[in-house]
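Labels A, B, C and D are assigned to the chains in the order they are written; within every chain, residues are numbered from 1.
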Amino acid sequence: MPTAVMATSAMQACIDACNACLQACEECYTACFNEADVQARTRCIQLCRDSADICALASQYMSRNSEFAKQICGICATICDACATECAKFQDAHCQRCAEACRRCADECRRMAA
Amino acid sequence: MPTAVMATSAMQACIDACNACLQACEECYTACFNEADVQARTRCIQLCRDSADICALASQYMSRNSEFAKQICGICATICDACATECAKFQDAHCQRCAEACRRCADECRRMAA
Amino acid sequence: MPTAVMATSAMQACIDACNACLQACEECYTACFNEADVQARTRCIQLCRDSADICALASQYMSRNSEFAKQICGICATICDACATECAKFQDAHCQRCAEACRRCADECRRMAA
Amino acid sequence: MPTAVMATSAMQACIDACNACLQACEECYTACFNEADVQARTRCIQLCRDSADICALASQYMSRNSEFAKQICGICATICDACATECAKFQDAHCQRCAEACRRCADECRRMAA
């Protein structure tokens, strides 16, 4: 059962990475709609959304020290990895930023899940 | 229609306040269950949850520059105000921290909603 | 403070409408990406997402009888109205179904919010 | 990449089970706060929340036919199982209803995840 805690520094790093990734994904999501080649970015947009949603959930589960925080972080890592790989294909700044934020978040989430 | 943007500094301040508030609310939520007087904290716990949930949503709507971000921030301010008032009644550190984070978030959200 | 209840029939109708709307919006969201004129559907896709997200939240706030359920329903009605208006512009089946689900949800949410 | 679909009947059964579970969990969450032995119900309340949140997410991922829907359903099954086991310990109607809804949801989610 979760007990009263403030986030440890490892958990805080992961929460921060999730929050940063959530924001980068949401920004990339909106920015992609304004690129000329939207059609080519469908999977990128969809993964940005999936990633933002699970990052938000992971941030909440960790902050409340849920007994399932690690497992949510595990799947968050998987989704962020996929989003990073897809975003990395596009050269614009928002996709590159998003890919980087996703990679960092996936790394932190893997550490938490371990 | 949302256009490609990165968050302005005003919006960034509000996103950061929402993320901080979300975390403080989730921590207070879990910590309250470990206090001897849980029964007296029912509304505090429930408001911490309502507040965390709307902060998470506000953070996402703002980050993607949704056309409804302001309106979500408006109701976020209302819920955070209620949570701040309730948390302020309890003297422990997590409630006081949460009340403070809620107040700051409500202020930033009101500014965004204006 | 929320007290123990099961949903009243009015609230149940609204919860059901939110769940149906959430699903129609998510289906329309994905289906729009597969239409030839994605670029023309940007706002439709974005509103489907905003609408699905607030419907999910409204469904949760009502189910737990939150003291802020009415206010969440109020903004849910506003967002669903906007989504209905946008979706109604497109003649394909998924947009028409989504527009209809959004309209019904907005009506139920307005009733709850009153 | 997700393609335009309406939910198959297997997926629809799972979406419906998630929605029903979400509602039963939220109702049980609120009802538990009104029982005399709140302190004994801490884990029950916390699991109801964790379960409601992941059910809401699973419902959305499936409805939009996300490529990660199965994996979200997998963890949803795990969390709902834990919630069912905990709720089943309490004899009141809302806990028994919630345990039953969680069991059904876990079964459907396992089928989806397979």
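Basically, a contact is a pair of C-beta atoms (placed from the backbone, for glycine too) under 8 Å apart; a residue touches a chain by one contact, two chains touch by 3 or more.
Just so we're on the same page, UniProt names per chain: A, B, C, D = Four-helix bundle copper-binding protein.
Here the structure is a predicted model, which means the values were calculated and not measured.
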When A-C is set beside A-D, which has more C-beta pairs in contact?
-> A-D
Of the pairs given as A-B, C-D or A-C, which one copies B-D, with over half of its contacts the same by residue number?
-> A-C
When the C-alpha atoms of chain A and chain B are each averaged to a single point, how far apart are the two points in Å?
-> 21
Measuring from the mean C-alpha position of chain A to the mean C-alpha position of chain D, what distance in angstrom results?
-> 23
For chain A, write out the residues touching at least two other chains, lowest number first.
-> 2, 30, 33, 42, 46, 60, 64
The residues of chain B that touch chain A in their complex are 2-7, 15, 19, 22-23, 25-27, 29-31, 33-34, 52, 56, 59-60, 63-65, 94
Spell out the residues on chain B that touch chain C in their complex, using ranges where they run on.
-> 1-2, 42-43, 46, 50, 53-54, 57, 60-61, 64, 66-68, 71-72, 75, 78-79, 82
Tell me, which parts of chain A touch chain C in their complex?
-> 30, 33, 38-39, 42, 45-46, 49
